[in-house]
Amino acid sequence: MDLAYTEEEEEFRARLRAWLADVLPQLPPRPDPSDWPGRRAYDLGWQRRLHDAGYAGLHWPVDAGGQGATPTQHLIYLEETERAGAPYVGANFVGLLHAGPTIAAEGTPEQRRRWLPPILRGDEVWCQGFSEPDAGSDLASLRTRAVRDGDHYVVSGSKIWTSHAEVADWCELLVRTSPVTDEVPKHRGISWLALPMDAPGVTVRPLRTLAGSTEFAEMFLDEVRVPVGNRVGDENDGWRVTMVTLSFERGTAFVGEVVACRRTLTALAAEARKNGRWDDAVLRRRLGRLNVEFSALWRLTQWNVSEAQRTGGVPGTGGSVFKLRYSHARQELYDTAAEVLGPDSLDLDREWNLDRLSSLSYTIAAGTSQIQRNIVAERILGLPKGR
Amino acid sequence: MDFQLTEDQRALQSGVRELLAGRFGREALRALADGPEQPSLDRELWRELGAAGFFALRLPERDGGVGLGLPEAVLAFEEAGRALLPGPLVATHLAAGEVEGAATGDTVVTAVDSSGLVPWLDASDVVRGDAAGAVPTRSVDPLTPLHRAPAGVGAPDPLAVLLTAAEQLGSSARSCETAVRYARERSQFGQPIGAFQAVKHLCAQMLVRTEVARAAVYAAAVTADRAEISAAALLADEAAVQGARDCLQVHGGMGFTWEADVHLHLKRAWLRAALGPSAGAVEEEWAAAL
Amino acid sequence: MDLAYTEEEEEFRARLRAWLADVLPQLPPRPDPSDWPGRRAYDLGWQRRLHDAGYAGLHWPVDAGGQGATPTQHLIYLEETERAGAPYVGANFVGLLHAGPTIAAEGTPEQRRRWLPPILRGDEVWCQGFSEPDAGSDLASLRTRAVRDGDHYVVSGSKIWTSHAEVADWCELLVRTSPVTDEVPKHRGISWLALPMDAPGVTVRPLRTLAGSTEFAEMFLDEVRVPVGNRVGDENDGWRVTMVTLSFERGTAFVGEVVACRRTLTALAAEARKNGRWDDAVLRRRLGRLNVEFSALWRLTQWNVSEAQRTGGVPGTGGSVFKLRYSHARQELYDTAAEVLGPDSLDLDREWNLDRLSSLSYTIAAGTSQIQRNIVAERILGLPKGR
Amino acid sequence: MDFQLTEDQRALQSGVRELLAGRFGREALRALADGPEQPSLDRELWRELGAAGFFALRLPERDGGVGLGLPEAVLAFEEAGRALLPGPLVATHLAAGEVEGAATGDTVVTAVDSSGLVPWLDASDVVRGDAAGAVPTRSVDPLTPLHRAPAGVGAPDPLAVLLTAAEQLGSSARSCETAVRYARERSQFGQPIGAFQAVKHLCAQMLVRTEVARAAVYAAAVTADRAEISAAALLADEAAVQGARDCLQVHGGMGFTWEADVHLHLKRAWLRAALGPSAGAVEEEWAAAL
């Protein structure tokens, strides 16, 4: 048990920190959140800088063009970029964290050559077409159909919760290539396709969330023709291919967010001291409790990352444990922020209030807390599935 | 002792519910929510409410009122809360008999809350309290324009607190019904999600919070006791806010969309909870009474 | 909506209060909790006094020997006896609240004549033989077998959680008279028997709880012969007969307990003021919150009682709503007591600490909170049963 | 950074677990719990623990110790917590090297906690702190005789707080395992109760609390930071107490019996939580640090 970073890790951190200090002041101003093309350009520009500095695909295998960094280096990278206020991964999210690693693991040499370098260089944006209106928690029940027609699939259906769809070049798409029957369970019969977003028949409609923003979109597919060569993995084997992606797990998923939460907590305490609510012992102790909580979540992050490092990044289920606790803690953080703000908590122009709205999704997105508890209970604790 | 609704009270309850269903149903709600940034007040609806006695409910009949009491007012405001009816309903109701035209819905009255919040300032004809220097605020509730006045003064008005609690109660009950309906309709893993215990138990807890708040709010309406009103507000605030949160959780991703009504209940519940005494103040009040 | 008591109700209260003031000082000293015969005698003595004063079977129908009191009068009775510190129903619990009402509703005239008067007069004690080691939440899966042999049933099996078994004359016993088959679901095939506790083959073994006491017992039945005439209701119809008992519901189940909780809360505040912990704002607000909570639970009690009065005591499910909230609130009350006591909370000789241990059963006994939530969700809200 | 157990640490962990399983398994535990009112201290077991290095674990080898550090001590005490090993283990461990015979288990040492609680006073050879005027208490934990000394003095000893937190962690983990085992074995309504989401989710939350506490306790052992130790104690106390409560709930009626081990974990967890800093003190400490 050791929490000290190795000399090599400290060097990595120092080099990164120096580079960030140098490069961040050179960045153009951040675009307005509603300016999609501007955001695409900004995010890709940042990715290009990472690429040129040797940080692109930090955690990707070297043979896929990545840096083959250890989980600990990845943790340091996320910690330092968050602390320095560097741009978020943004539009590069799906490419770098889902589609890319999937192609790296399951794609043909040709597919890897075609799709991986543009992700790393910041040339192409990917989005994700997994969820459907009727297939949320039960993702495998998805119904978007792909029918073989010569060397193409003809795809029809609809997807939801697709972020960056407006500006993506590619979509990693899950489609049903064999209908569900008594012999074919729903997890079989799914295939993974790379869909060019400019293909005829693709319609994107922004989806307004309760926070009033349109971070997500719905995507409608009307007889869209996708070359068979865009399929990664075997036909009907897309569920397994996808799970490789979803469980691409090094314990680092929430590193930046935990760092950000701790910064928010410090700011909340400062605000409470300023507006006098610090004298409310109940509120003050609630802030103290959150400080304990996020400190422990940071230690749990280090624990999970070290575990991933030991096992060589083998998929773990520790992520569910972390997410369950973290998503609740972060919602509690913003509820506490509302207490600190008092009546100002009703003012959307005040800091933290929009974050509070966004935080409502934490116990839902990427597997509801209910689903996560099932996963923990069944896969870690070995409790039986219900009838 | 007969702590149940009388026949007349049931009739009033269903009357208000039908009126609101007809004049402020889901389409009207969505038109406001999906419309331009600032919602506008429907003056015609306001006068219809006036004609139906919503504002004059507690005015003596000799003054042109309906001559009913607080319990009836609470039932009416519970329905308003269920329907998410917008506007400074509480302030106008409390102004009936004191401000010309409030009773009939011709005059829209708002008030400065003890916290300094002023809903619907621009749309109101009369402001009670000192709104000098009030600045507009980008309201978290899309259906309630807000101003902030320099620190509000005075203690919260118990009647306003009670009627607001009644609205919270209505919202809490509605969130529970909405969650249950969705849980019966939405299927995942081959069965309605309402068949899963995790969802079932969320819904059960929503009902429990609602029914406890109901007993507290109705009792406070009967006794008009100041402390009991504070307690009712505390419980109704919790029921409304947590109920909307749980409703959102039951809806999953769909609950996170603008298009679902869930968030409208949550945001209004947050707003109402910010009015009146804080939870801490109520707890201190009830601790001191021990 | 009215919270005022009628003149008649106020008269009832005044008369009861006067009687209690008169009779309570005449009572013998309470027996030691471990003195079972003493407890039996004390509890039956109290019942006899109630009987002689015209309060026996207050809520029983008049034609069963009861007073036919309204639910509101019953509430007043429970409130006043608790406030006055009168004895609890004790050993008369099952007779007065379960077995008696069942016999009154489902028994033959002869059965009513045989069993009801001794309950009301304080002559006989009943206990309950429902739960089994393997049939708790799933009561209907009970396996104690009763095989017909002429005009007797021969009963074998075991029961658990039987209070007052040591001193009971009779046990209301659920037995399986038809084995479960594909055609006979578990809820059918159950019969209700009145078991004489002195019958050969009945063995009672005290069951020690985590509070260290032996309030409950296990009961072992080894080929016990029970006359067929002791069966109430039809053979195989015992589940329905029993449910009549279990749902005998006038909203009054927890009246005395809520009154007791409010008294405890006042005492806790006094103790906190005395030992200085009142200055802890978090604890003080917690006490204030509990005061709000029990005040509301009292109002909910009045609501439920009024509802029962309106409907003539028709079984309701409001009891589950109340129990869910109440059992949690009462556990929270004793956890708060431990906060007030500080290190004294570890001393079993200090008030409230044994109560805290007992309170651990509230979310389990008479239907766990999990089962109660199922009941609320399925029977009140109409949510579907799972597969 | 390698925040995982080393090979040696794993070996130590399983070594202690095996030792305790052999010498203080379920039968020994039940013999104590079901025996006469006051449990007695097994001096022979105490010396075996001494011989195994349990008390001398952190003493330098030159002083006859094992020469290991806090992380190893935490792992050993976690196992003690899992097994519900009785006796003033923490005080004796901390006395090793300072009190003659403590390191070998020949001398049993107890200490007066900052709250004035003194466990195992009569059975101990040496008391650290001022136990003058201590009076016997009918202990809620049947396996820990207690005295109360007139208000304990001084701040809690951080090392004692950490080792106690390690015991809480072990107890929390054990409660989770016990609940899971019971949920797999016990059937109701035709399936193991562990197949019901309500039970499943209780168990999942038990694991979550345990693993968060584990990260905090282990990290505090590595850094030996005073504030981090307080935080670890807060989280481990919660995990142990709530874990035992949930374990009881999963067991239903059986959990309420003396015969089940569930209550022994709950009562010990309550006792340990009363030692060291209060939750309020820790929260204030961590608020002040913001």
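For reference, chains read A, B, C and D in written order, and residue numbers begin at 1 within each chain.
Note that in this section contacts are C-beta pairs under 8 Å (C-beta built on N, C-alpha and C of every residue); 3 or more make two chains touch, one makes a residue touch a chain.
In this text the structure is predicted, and so the values were computed from the model without any measurement.
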Greatest separation from subunit A - chain, by CA centre: C
Between the pairs A-B and A-D, the one where more C-beta pairs touch: A-D
Where subunit A and subunit C are represented by their mean Cα positions, the distance between them in whole Å: 53
Whole-Å gap between the CA centroids of subunit C and subunit D: 38
Subunit A and subunit D: spacing of chain centres that average the CA atoms, whole Å: 39
Residues of subunit B whose C-beta touches two or more other chains: 196-199, 201, 280
Of all residues in subunit C, the ones touching two or more other chains: 280, 282, 285, 370, 373, 386-387
Overall pattern in which the protein chains touch one another (line/ring/star/complete/other): complete
Residue ranges of subunit B in contact with subunit A within the complex: 115-117, 137-142, 146, 148, 187-189, 193, 196, 198-199, 245, 248-249, 252-260, 262-263, 266, 270-271, 274, 280
Subunit A - residues contacting subunit C, complex: 280-282, 285, 386-387
Parts of subunit C lying in touch with subunit B, wherever the complex brings them together: 1-6, 9, 72, 265-266, 268-269, 284-289, 291-292, 295-297, 299-300, 302-303, 305-307, 309-310, 318, 321, 324-325, 370, 372-374, 376-378, 380-387
Residue ranges of subunit B in contact with subunit D within the complex: 196-198, 201
Residues of subunit A defined as touching subunit B within the complex: 131, 134-138, 141, 160-161, 207-210, 212, 280, 282, 338, 342-349, 353, 357, 360-361, 363-365, 368-370, 373
